[in-house]
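Order of writing sets the labels: A, B and C. Residues in every chain begin at 1.
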Amino acid sequence: MPTTTSRDQGPDLHTPLNAAPLTHGQLPRRAPQSVFLAALVAGIALLLSGWNVAAAAIVAGFGYAVVVYAWSRAVEGPRKATDRLVTAVVTGAFLLALIPLISVVFTVISKGAPRFDDQFFTYSMRGVVGEGGGAYHAIMGTLIITGLAALISVPIGLLTAIYLVEYGRGKLARAITFFVDVMTGIPSIVAGLFAYALFALIFGPGVRMGIMGAVALSVLMIPVVVRSTEEMLKIVPNELREAAYALAVPKWRTIVKVVLPTALAGIATGVTLAVARVIGETAPLLVTVGITSSDNFNPFDGRMATLPVFSYYQYVTPGVPPDPALNRAWTAALTLIIIVMVLNLAARLISRLFAPKTRG
Amino acid sequence: MKRTTLGRALALPAAAALTFGLVACGSANEPSDSGGNGGGSGLSGTISGAGASSQDAAQQAWRAGFIEANPDVTVNYDPIGSGGGREQFVNGGSDFGGTDAYLDEEELAGANERCGQVVEVPTYVSPIAVIFNVEGVNELNLKPATIAKIFNQQITNWNDPAIAADNPGVQLPDKTITPVNRSDESGTTENFVEYLKATAPQDWPHEVSGDWPVAGGEAAQGTSGVVQAVSGGDGTIGYADASQARELSTAKVGVGGEFVQYSPEAAAKVLEVSERVEGRGDYSFAYDLARDTTEAGTYPIVLVSYGIACANYDDANKAELVKAYFNYMISEEGQQAAAESAGSAPISDALRQQIQPAVDAISSGS
Amino acid sequence: MPSSTERTRAHRAPQRPGDRVFAGLSTGAGVLILVVLAGVAAFLLTEAWPALVAPAEDIPGGEGVAIYIWPLLFGTLLSAFLALLIAAPLAVAIALFITHYAPRRIAQALGYLIDLLAAVPSIIYGLWGIAVLAPLSVEPSEWLAENLGFIPLFAGPATSTGRTMLVAVIVLAVMILPITSAVVREAFRQTPRLHEEASLALGATRWEMIRMAVLPFGRSSIIGASMLGLGRALGETMAVAIVLSVSGGVTFNLISSGNPKTIAANIALDFPESTGIAVNTLIASGLVLFAVTLLVNMAARAVINRRREFSGAN
C-alpha cells in the first residue's frame, strides 16, 4: 500500500517544505481502548454463540490487531501503525505466555492449600501412616542443602564471572566461557550421578549425605551464576571503569567498589534465579541424598529429606488411600514456591539497599 | 573492603541458610534427644535400607508400626528401585534391601560374600490388576490369550469376537482399544509380562524383561501414571498394582476354566502353589511363581517383593535391629498393617512358619 | 576458596598485591570450573566405556549402542528445539512488555511473578501438564489430525489421553520461559537510557526505539538466554518423564500416543531398575547428551561472535 512516502526513501528535497503537512493526524486518545472494548464484546458474543474460549479469544485478538493497525495506518501513517501493531503483538504474546504460568500457580495453590496447616510445618513423617504428618524435616533439609550449594557456587561463580569480564583474555577465558555454557547443559541426573560417584570413591558405595546433594546442585548452579553475573558485569558501562582507572584506583578496588555495586541488582537477581533453578531439582537429590521420614539436619551424616524428593515420593508411592499423600505432595510444592518467594524478596531488598541508584 | 561487598552479594543465600539453620530444633512429633529411654524395648540406633519402590507404601507402614514399639530406633527406606536396591545391598551400601525380583546368580554370590549367607524372604505380595475404562462396560472377563493379544495390539477394537466370546451378554462398544503400559522399567511390568509369556506363549512372542517390549501403545510413568492415563482416556486398558486401581473397573482373569477377580487371598495363594527355587542356601526363599496354575481361586498376576538381609552382620546392634524389623515385617501384625495402608496381600501362616527360621538366623559374629 | 594459580601479565598500571590476589582468586575459580567439568566428563567416559565396547547383543534392545541411543537423541532434539521455538519469542515479548510497555508498578509485580515461576520444580510442571494441559489438548489434536493431517507433524492418529509430544513441548516451553525471560529482561533493563532517549528525541516511535536501541543491545543476551533455556529443555528429566507417552521410535508426529523418548527422561525412567551393562548404556546416552550440548553451545558462540559489534560491552 505505497500511498505514503516510506521513510527509507530519505528526505525528499525537491518538494517545497510547505507542501508536506507538519503534523500527522492522530487517533483519538481513547481509540485503542474503545477498539479493545469492541473486540472484547465481539469475543464474548462469539463465546455465547457457542465458540470455545480459545477460538473466541484468538479471533477477538486478531480482530483487535487488524482494526487498530488499519485505522492507525489510515490516520497516522505506517510508522505509527507498525508501532501500535507491535504494542498489540507484544502485549498479546505476554498475555498468552501468562496463561499457562498462572494456570500452574493456580493449580499448585488450589491443590496445596488443603494441607497448608500447622502440622505440615511442625511435623516430620516419622511414624506417620495415611493422614497427617508434615514436611518440617524436608523443609529444613531443602534449606540446608540449597544453602550449602549456594555457599559453594556463589563465590566460585562470581569470581569466575569477574575473571571472564575483567581479567580473562586469550585461550583460558575462551575455554572457560565455552565450558560454562556446556555446563548449563549437564542433565541434572548426570550431575547427581557424578556427585555420587565422587563421594562413593571416598566413602565407599551406598554413601548418602546432604553435602553430596549440595555438590550435585552446585554443578548445576555454578554455570547459571556465572552466566547471569557475566551478563550483568558486561553491561556495566566501560566509562565507569575508565573513570576509576583515571583516578589511579587499583583494578581490584575498581571491581569491588565500582563494577560489582553497579551490577549488584542484576547479580542478586541472577543468584536468586540460580537458587530457584536448583531448589526444585529432584533427580540429583534422589540419587545423592535419598529420603528419610525422620529429622536429620546434619548434612555430613546420612540421608536427609528434601522438599522436591519428598513431594516426588509422596506422588509416586502414595499408599492407600492415596489422597493424604497427594495432598502432601502438592503442599510441599507450594511450600517450595513460597520459600523461593521469600528468597526473591530478600534479593530485591538487598539490591534495593546496597545498589547505587541507577535505573529502577 | 573486598570482603564487605562480596559479603553483600553472598548475604542472601548465607543469611537464609543460617537463619533457618539456627532455628532447627526438631519436628514436633519426634522424640527429643534428652529423653533416650522413652520406649521399653531397649533397642536404639538407625538402619537404612533401599530398593523396590513397589514396597515403599508398605515400608512406610512397617516403619511407623516398628517405631511405635521402639521409639529410639530410626528406620530409613530409600525407594530407589529394585536394581539399585540389590546393587547397593550387595556392595554393602545398605543394611537391608527390597527387591521385586530375587537376586540373580552373580548377585547371590556377591551377597553371600558380604553376608556369609543371604536372607531372602517374600515380604510383600501385591496383586496386579488389569484395569480398563470403557464407557458402559463395568465387568469384563479376559482369558490370558485375549489379554496378550490386546496388549500386543493384535486385538484393536473392543467389539472383537475374542473379547465378546468371554463376555456373553455384555454390550461391547465399537471403539479402538488404547493399551496403556509403564514407560519406566519396573517389576510390575516384568511380572505382568512373565504372566503373559507363561500363559499365552503363542500370543506373546516377546522376551521377559522389565522394559515394555511393544511399541506404539500409550506409555505412562509409574503406577500412578498408568492409572491416570487409563482413567483419563476412553477405551483404555492397562495393568497396575491393584491397590491403586481405585474406582477403575478391573477385569476378571481366566484361570483354568473360570474367571477370577483379584483379591488378597487369591493373590497370596499363588505363593503356596509355587515352587521354592532350590540351591540358593538355607535362608533364601525365592519363588518361581506358578503363573499358569489352574488351581481354583488363585489370582496368578501378582508381584512378589522380597526383603533381603544378611545372616551375619559385623555390628551386633545392627543385626539385632534388622532382625527385629524383619520379624515385624513378616509378623501377622506387620502384614496386616501393610495390607491396610498399601493394599498388599498378607502372607499366609504356613508361609510365615517356613520363612521364620531365616529371619531368626540374622545375627552378628558367627 | 580455590587455590590461586598466578597469572602475571604485562599491565600498564603497576601490579599491586591486592590485584594479584584478586586476579589469582578469580582465575582459580575459573580453573576450578574446568576441573569440575573435566571430572564430569571423565566420569561419563569411564562409566560409558563398557557400553561403547560391548558386543551389540548385550545392549538393551540387542542392536548396539548407536541403535539404542539414536531414537532418544532424536526425541531430545525434537522436543527441545520445538520448545525453544515457542519459548524464545514469548520470552522476548515478556521481557519487552515488562521493561518497556507495562506501567512501572505493574511491571515490577509481573517481573516478580515470573521470577517466582522459575522456581516451580519441574515435577510440578509435569503434573500440571498431565492434570491440566493434556486433557485440554485432546480436542485440538483431533482437529489438527483431521484438518492438517497432511503435515507430517500432525499426521495422527490423534491421541485419546493427550500425553503427546505436543503437550511435552508446550510444558517444556512454559518451563523454560521464566528463566529465559528473566535473563533477557535484565539485559533490556540495562539498555543505556541515553540511547533510548536519543532515539525518542529523534522522533522514533517506541517500536523503532526498541528495534534500534534495545534489541541490538540485548542481542547477545537473547542468544545467551535462549541457550540457557535450550540447555534446560535438553536436560529436562522429570517433566518429560511424567508427561510423555514414550513408545514410538523416530517420528515427527506430535499428536499420537507413540512418541520418541528423550535421553534424560529415559535415564530417569530406566535407571532405578537397571544393573550392569544397562547402566553403562544409560550413561553412554548421557554422554551423547553432553556432546549435543557442546555442539549447540559451539554454534551459539559462533553466532554471538559474528555479531560481536552489537554486544553490550563496548
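FYI, a contact is a pair of C-beta atoms (placed from the backbone, for glycine too) under 8 Å apart; a residue touches a chain by one contact, two chains touch by 3 or more.
All values derive from a computational prediction rather than experimental measurement.
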| item | value |
| --- | --- |
| Graph class of chain-chain contacts, one of line, ring, star, complete, other | complete |
| A-C or B-C, whichever has more C-beta pairs in contact | A-C |
| Inter-centroid spacing, subunit B versus subunit A (mean Cα positions, whole Å) | 38 |
| Intercentroid distance (Cα basis), subunit C paired with subunit A, Å | 13 |
| Averaged-CA centre spacing for the pair subunit C and subunit B, given as whole angstrom | 36 |
| In subunit B, residues with contacts to at least two other chains | 2, 53, 80 |
| Shared-contact residues (touching 2 or more other chains) in subunit C | 18, 22, 268, 271 |
| Where subunit A touches two or more other chains at once, by residue number | 155, 158, 252-253, 256, 272, 275, 315 |
| Contacting residues of subunit C [partner subunit A, same complex] | 1-2, 7, 9, 13, 16, 18-19, 21-23, 25-34, 36-37, 39-40, 43-44, 47, 89-91, 93-94, 96-98, 101, 104, 108, 112-125, 127-128, 131-133, 140, 170, 174, 177-179, 181-183, 186-187, 189-190, 192-193, 205-208, 210, 217, 221, 224, 227-228, 230-232, 234-235, 237-238, 263-264, 267-268, 271, 283, 286, 289-290, 292-294, 296-298, 300-301, 311-314 |
| Complex interface listing, subunit A residues touching subunit C | 54, 79-80, 82-83, 86-87, 89-91, 93-94, 96-97, 100-101, 103-105, 107-108, 155-160, 162-169, 172-173, 175-191, 193-194, 197-198, 219, 222-224, 226-228, 231-232, 234-235, 237-238, 245, 250-253, 255-256, 266, 269-270, 272-273, 275-277, 279-283, 307-308, 311-312, 315, 333, 336-337, 340-341, 344, 348, 359-360 |
| Residues of subunit C that touch subunit B when the two form their complex | 18, 22, 60, 130, 134-135, 159-163, 241-242, 244-249, 257-258, 261, 268-275 |
| Contact set on subunit A toward subunit B in their complex | 119, 122-130, 133-134, 136-137, 140, 143-144, 146-148, 150-151, 154-155, 158, 204-208, 252-253, 256-257, 260-261, 264, 267-268, 271-272, 275, 286-287, 290-295, 297, 302-303, 313, 315-320, 322, 342-343, 346-347, 350, 354 |
| Residue numbers on subunit B that touch subunit A, as the complex places them | 1-2, 5-6, 8-18, 20-21, 24, 26-30, 46, 48, 50, 53-54, 56-57, 60-61, 63-64, 67-68, 74, 76, 78-80, 88, 91-94, 222-224, 243-244, 246, 337, 340-343 |
